[in-house]
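Structures are listed in the sections that come next.
In the two complexes below, subunit A is the common chain; its partner is subunit B in one and subunit C in the other.
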Partner chain A sequence: MIVLEKRPQPSKAWSYATPLVAVLATMVCGGILFTLLGKNPIEAIGTIFWEPLFGEFAFYYRPQLLVKGAPLVLIAIGLSLGFKAGIWNIGAEGQYIMGAIFGAGAGLAFYPLDAWYVFPIMVIAGAFGGWLWASIPAFLKVRFGTNEILVSLMLVYVAEQMLASVSLGLLKNPEGFGFPGSRNLQAYDSAHNAELIAGSGMHWGVVTALIAVIFSYILLNRHMLGFHIRLTGEAPRAAKFAGVNPARLILFCLGLSGALAGLAGMFEVSGPSGVVSIDFNVGYGFTAIIVAFLGRLHPVGILLAGGLMALTYIGGEIAQSQLGLPAAAIQVFQGMLLFFLLAFDLLTNYRIRAARSEVA
Partner chain B sequence: MTTPLLSLQGLTKAYPGVVANDQVSFDIGEGEVHALLGENGAGKSTLVKMIYGLVKPDSGTMLLRGQPFAPPEPRAARADGIAMVFQHFSLFDALNVAENIALGMENPPAMGDLASRIREVSETYGLPLDPFRTVGDLSAGERQRVEIIRCLLQDPKLLIMDEPTSVLTPQEVDILFETLNKLRSEGTSILYISHKLEEIRTLCDHATILRLGKNVGECVPAETSARDMAEMMVGSTLQTPERSGRDFGEVALDVSGLSVPSPSEFGTALKNVHMAVRKGEVLGIGGVAGNGQDELLGVLSGEILTAADAIKFNGQPIGKLGPTARRRLGVLTAPEERLGHAAAPDMSLTENALLTGSVREGLENNGFLKWAETKGFAEKIIQAFDVRTPGPENAARSLSGGNLQKFVIGREVLQNPDVLVVNQPTWGVDAAAAAAIRQAILDLAAKGTAVVCISQDLDELMEISDSFAALNEGRLSAPRTTTGLTVDEIGLMMGGAHGMEVAHV
Partner chain C sequence: MDLSEINPVLLVASLMVAATPLLLAAIGELVVEKAGVLNLGVEGMMIVGAISGFAISVETGSPWLGFIAAAIGGAVLSLLFVLLTQVALANQVASGLALTLFGLGFSALLGQGYVGVKPPSMGEIHIPVISDIPVIGPILFQHDPILYLGIALTAAVWATLKYTRVGLILRAVGENHDAAHALGYKVIKIRILAILFGGACAGLGGAYISLIRVPQWTEGMTAGVGWIALALVVFASWKPWRALLGAYLFGGITVLQLNLQAAGVAIPVEYLAMSPYIITILVLVILSADKSSAPASLGRIFHASH
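Entry: the complex of A and B
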């Protein structure tokens, strides 16, 4: 018999160790999965984790890590603040889309004007779009007590319809020969979120993600607002007793996470993607939820988790093309990661003891 | 000599880091009311859980009428005639009395038969109860009757009662004692757990006293003074808080015509509450739990906002100010629920010191936190109130209830409040710590703080308060000077036993 015993206080060591243990367990079980699919497990896992960083074509994959990791980190940082306070924004995907639409729309409105201020305006517009979309569930929750999980999630599908609509209508490229999708912002210098150092993958979104990590760290550890966020998540009644205004906190957390998701969408559409199109969004908003938890809702953890997630994405793609692994297997592999993380999380607050079976 | 009903021999149970029971032995005779006395954490609960089959002893044996007795689970204990009334009721609010009782039975009879049996038992033992009333509408005393009748239907040989009077008014206690006496006269043994000494002196034939898991003595309560029993329980001489006669200043806290609905569905709305507390005065507010105590604290702390004029501090309306603004003015509060309300369980003591101390202790600068000063404040509380903990970086939940209570009260007292409102300040605290907390409250009052002390411990209120009022269904009786109040008068202020005419003031 195995029994769980609550620790008198959370174990510091385990809270750092669980992500590593979870990654190891994922490798073991993923290896079994790949073996059952008839692949060499060592080779498959090696391809996913080694190839993008140190393989033959790493010069191509390494910048891709930044490009994929930056939006994940940026969105996850915003989500983590809300999650810490028990405010569940599940609709970052929608806010990401709206940020892209607003950002691209603002840029295209100036086309073909060549001015330094076009890009900053797009940044503001992108953040505003995401903020606006996240403020809908926030307002409804504060005013009518609706569930922000459902409302924010449903707004993702509304946003996807909006994306389809503007791709085919409002933002459609007039010179696009009738194909859906906007003008390519990469071809419009004033609006292009170009690489800051050519070939590095480092664009403004990466910089913003790093700033967000630092900002969030300071907020959570050094500022009253961050303390109130943590307090609300840990003990809502104690937070109210401490003088936290729950409504204001909901508006702040949802609004900020929306704005960051909007920024991520805006940097994506004006940089790596370039085009507002029907299939613009690829699930960063949902994956960022995993990233936030994988990083234990800690800013530095999220930075590492975003990198890890980007690695499994890119490594997974390589494994698909080189080893012929099905895409579903890669998704299962990523799902395992979250599963094990949550499962091992238990060890921070509990310890496992082998209990002798008691015979009365 | 006759065989005792239940004989405990050398029962030992250890949990990680603590020996809950260490070689406890005693006998319970047939038809005896046996008291089990001890402070919180003395091991009373663990002991009765072993008898009831919820916990298995590490070593030691039990004999039931001379036969070895080791119930593997409560069901087996019940089959052998052991019944238990828990301190916290396990009843479903939405079901009626008979349905609740049927749920706890192995083979419930048809509802009509059960109802008539419930009526029969409740009349025999003087516990009036309608089997078809919904439990959600019952008072705490009536809910306890449901639990007792549930036990009596099993025809028990030994009835275990865990702190049964903590939820009752004095009159309801009298009714309960009559029932218990009747049971005793019919030959049922009762194991009665309490730390209320006067009750034990009236009711019990024999008492076993536990301290730190050990049996430290037995006595015949009727022949032993309450003070002697208390000192056996605590293991040292008790300090009675000292109070010097003092003059009261002007009214510091003035509540008038305060009516607010409860924020929670099963809470109690406050109805037209009036009270005025002068500087240096301690107002004690008694009443059975659930009559609006939490709401009253919430209203005074600023968690529940009211009309501005309903609450005045030094003449200034503060009804619309939130907790932070009130702290800035000097109105501090300490809620009853330590974990989750007064303190965040998983946060460190330093962080918990910040929770209410940030404004008055200057622990933030433009929103940026001063961790070093905060840690200093936490250390100051730990030192001044003798909080037993390795250090301020430990999580609040790692502290024992009494230690955390000292921390929570100390945190407010050290901020030099002008008005201090405390709810159940010594709940679950050992006698020595309770005396220290009461002394701190009295010292604060001596310095001119107006104190409101909400408590269910009448002895405590009589000890420290200058005037006394009672909460009953959200109404506050007119405060009266404590000196000279009799228990009967207090009982009437608290609303009396259920079924008696309620005195609304």
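Entry: the complex of A and C
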């Protein structure tokens, strides 16, 4: 008979090892899945994890890693602060969309003005859009005790409809021959989030993501607010006695994660994507949840996890075109990762032991 | 715009159809939450149910087998939730999200060959005389059997929770799992059964969308119904009949906005389409003040140390 025994202290070793074990287990199970789909598992896994980094066309894919990783890291950093404190913002996808709409809207309002201040205004507008969208569940939770999980998620669907509305109406390109979608911001220099070094994939969103990682690390380890966040998550009763103001914490965590998601959306729409269109969002807001957990809600971990997740996106696309692997298979692969991670986390907090047979 | 085109009898009849997937999923989740478990994976279980039901009915030609497969599909996916939360003692919120993310991808993978296929029709129950009564007949007595199953399930869950020993034990586990454990009830076993029941119900609800309501298969076709079902359980204060009422209310809003779209009301389509979600939020706000009826152990992990 096997029993679980709670560890007096969570195991440090296992807390580092869990993500690696989870990735390995996902590779094995993913390999089985790919075999069932009639693909060579070694080849498929190799294509996903090796090709983008060291393959023949790696010079093209490596910059993509930054482009895809930056929004994931940016959103996941924001989410991780809330998750640590038990505040569940799962509507980052909606905040991402609103950030893009606000950011692009601010930029297009100035079209065709050529001035240095257009882009900074767009950045502020994007962050504001995401903040605003995340503040709705925050305010409702503080004021009425409404469940933030459900409200933030409902707002994703509302944001998707907003996106459809503006790309067919308010922000539609007047010179677009009636096609849905806004003007291409890549063709509007003052608003274009261009690569800082040509061909590197490095744009302002990547820089912001790195700053967010550093900022969040300092906040959590060196700042009172960060301590309160950790305290609320680990010992809510102790936090109450220590005088942590839960309302302020909710408004801060949700607001900040919304602002970061909004920034991610704004950088995406003004750079790699360029156009506000109905299907502009690709689910970064949801994948970022996996990134946050895979990175153990730790800023550096999230940075690594964001890179890994970006790798599966790019590798997945290569496997799609070269091996005919369905796009959904990659989504399953990413979902599996979260499963294994949560399952193996057991070993961090519990010890598995053979039970002695005794009379209780 | 021509509001007179909206036929009130058809409106009410289609309201019941729109409400059924919500009702099925919400009743399942209600039982799960009564047992003290918060499974946020309803959306994932619904979509997996939708595709399993769709695929099996297309392959076998029998919608009944499809619905059975959907219930099994939903329950199998919820088994993953069982492994995570009851065996590996993982966080229920994160596990539920994982279930939804995985379910959405997995269903898209399974459903690749089924886009654009038409499923076999289930047909409606037709009772002579009663079904032919004007107005009441089309509204109440001309539906598919699963719709009545949903109502019967509501009654059964209500009666079980209120009048039977099984219901009492389930509630005890949800209110105070330590006390229930001390009394000798198998907390984990009861919760596992409740989660599987919830998964099967969500699967049925999903298949109702893909086989009867729409009926076809598209990726992500549940479009948040699972999440609205979760909100519905809060709305219903964990009471089955109020869940029925809530499902009809939301079904009504959905159908009404679709009818208004068709009638060409001056409100843009997008704003009408977002209305069910906004109304869900409003309802949550109004009803959040009273949390007293929530099961006391909801979302807490149980681990028997002795």
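In this text, the second predicted complex is superposed on the first by the 353 of 360 C-alpha atoms of A that agree within 3 Å, B and C clash if a C-alpha of one lies under 4 Å from a C-alpha of the other, contacts with A are read in each partner's own complex, and residues count from 1 in each chain.
FYI, a residue touches a chain if its C-beta (ideal position, glycine included) is under 8 Å from a C-beta of that chain, and two chains touch if they have at least 3 such contacts.
Note that this is a predicted model, so its numbers are computed, not measured.
Contact with neither subunit B nor subunit C is seen for A:C29 once the two complexes are overlaid on the shared chain. Look at A:A17: by the touch rule set out above, it reaches neither subunit B nor subunit C.
When the two structures are aligned on the shared chain, A:L53 is found in touch with neither subunit B nor subunit C.
In the superposed model, A:L132 lies in contact with neither subunit B nor subunit C. Contacts of A:F241 after superposition on the shared chain: subunit B is touched, whereas subunit C is not. When subunit B and subunit C are set side by side, the one touching more residues of subunit A is C. Once chain A of one complex is fitted onto chain A of the other, the partner contacts of A:I278 are absent, as it touches neither subunit B nor subunit C. Legend: residue contacts after superposition of the two complexes on their common chain; A:H223 is shown touching subunit B, with no touch to subunit C. When the two complexes are superposed on chain A, the residues of subunit A that touch both subunit B and subunit C are 360. Across the interface of their complex, subunit C is touched by residues 4, 6, 88, 90, 136, 140, 144-147, 149-151, 153-158, 161-162, 164-165, 168-169, 286, 289-290, 293, 326-336, 338-339, 342-346, 349-350, 360 of subunit A.
By the touch criterion stated above, subunit A contacts subunit B in their complex at residues 5, 8-10, 222-225, 227, 230-231, 234-235, 237-243, 245, 358, 360. Chain contact summary for the complex, subunit B toward subunit A: residues 16, 56, 70-72, 301-303, 322-325, 327, 333, 335, 337, 339-347, 351, 354-356, 358, 364, 367-369, 371, 394-395, 397-398. Looking at the complex, you find that subunit C touches subunit A at residues 40, 80, 83-84, 88-91, 93-95, 97-98, 101-106, 108-109, 112, 219, 223-224, 227-228, 230-231, 234, 268, 270-271, 273-274, 277-278, 280-281, 284-285, 288-289, 291, 303, 305-306.
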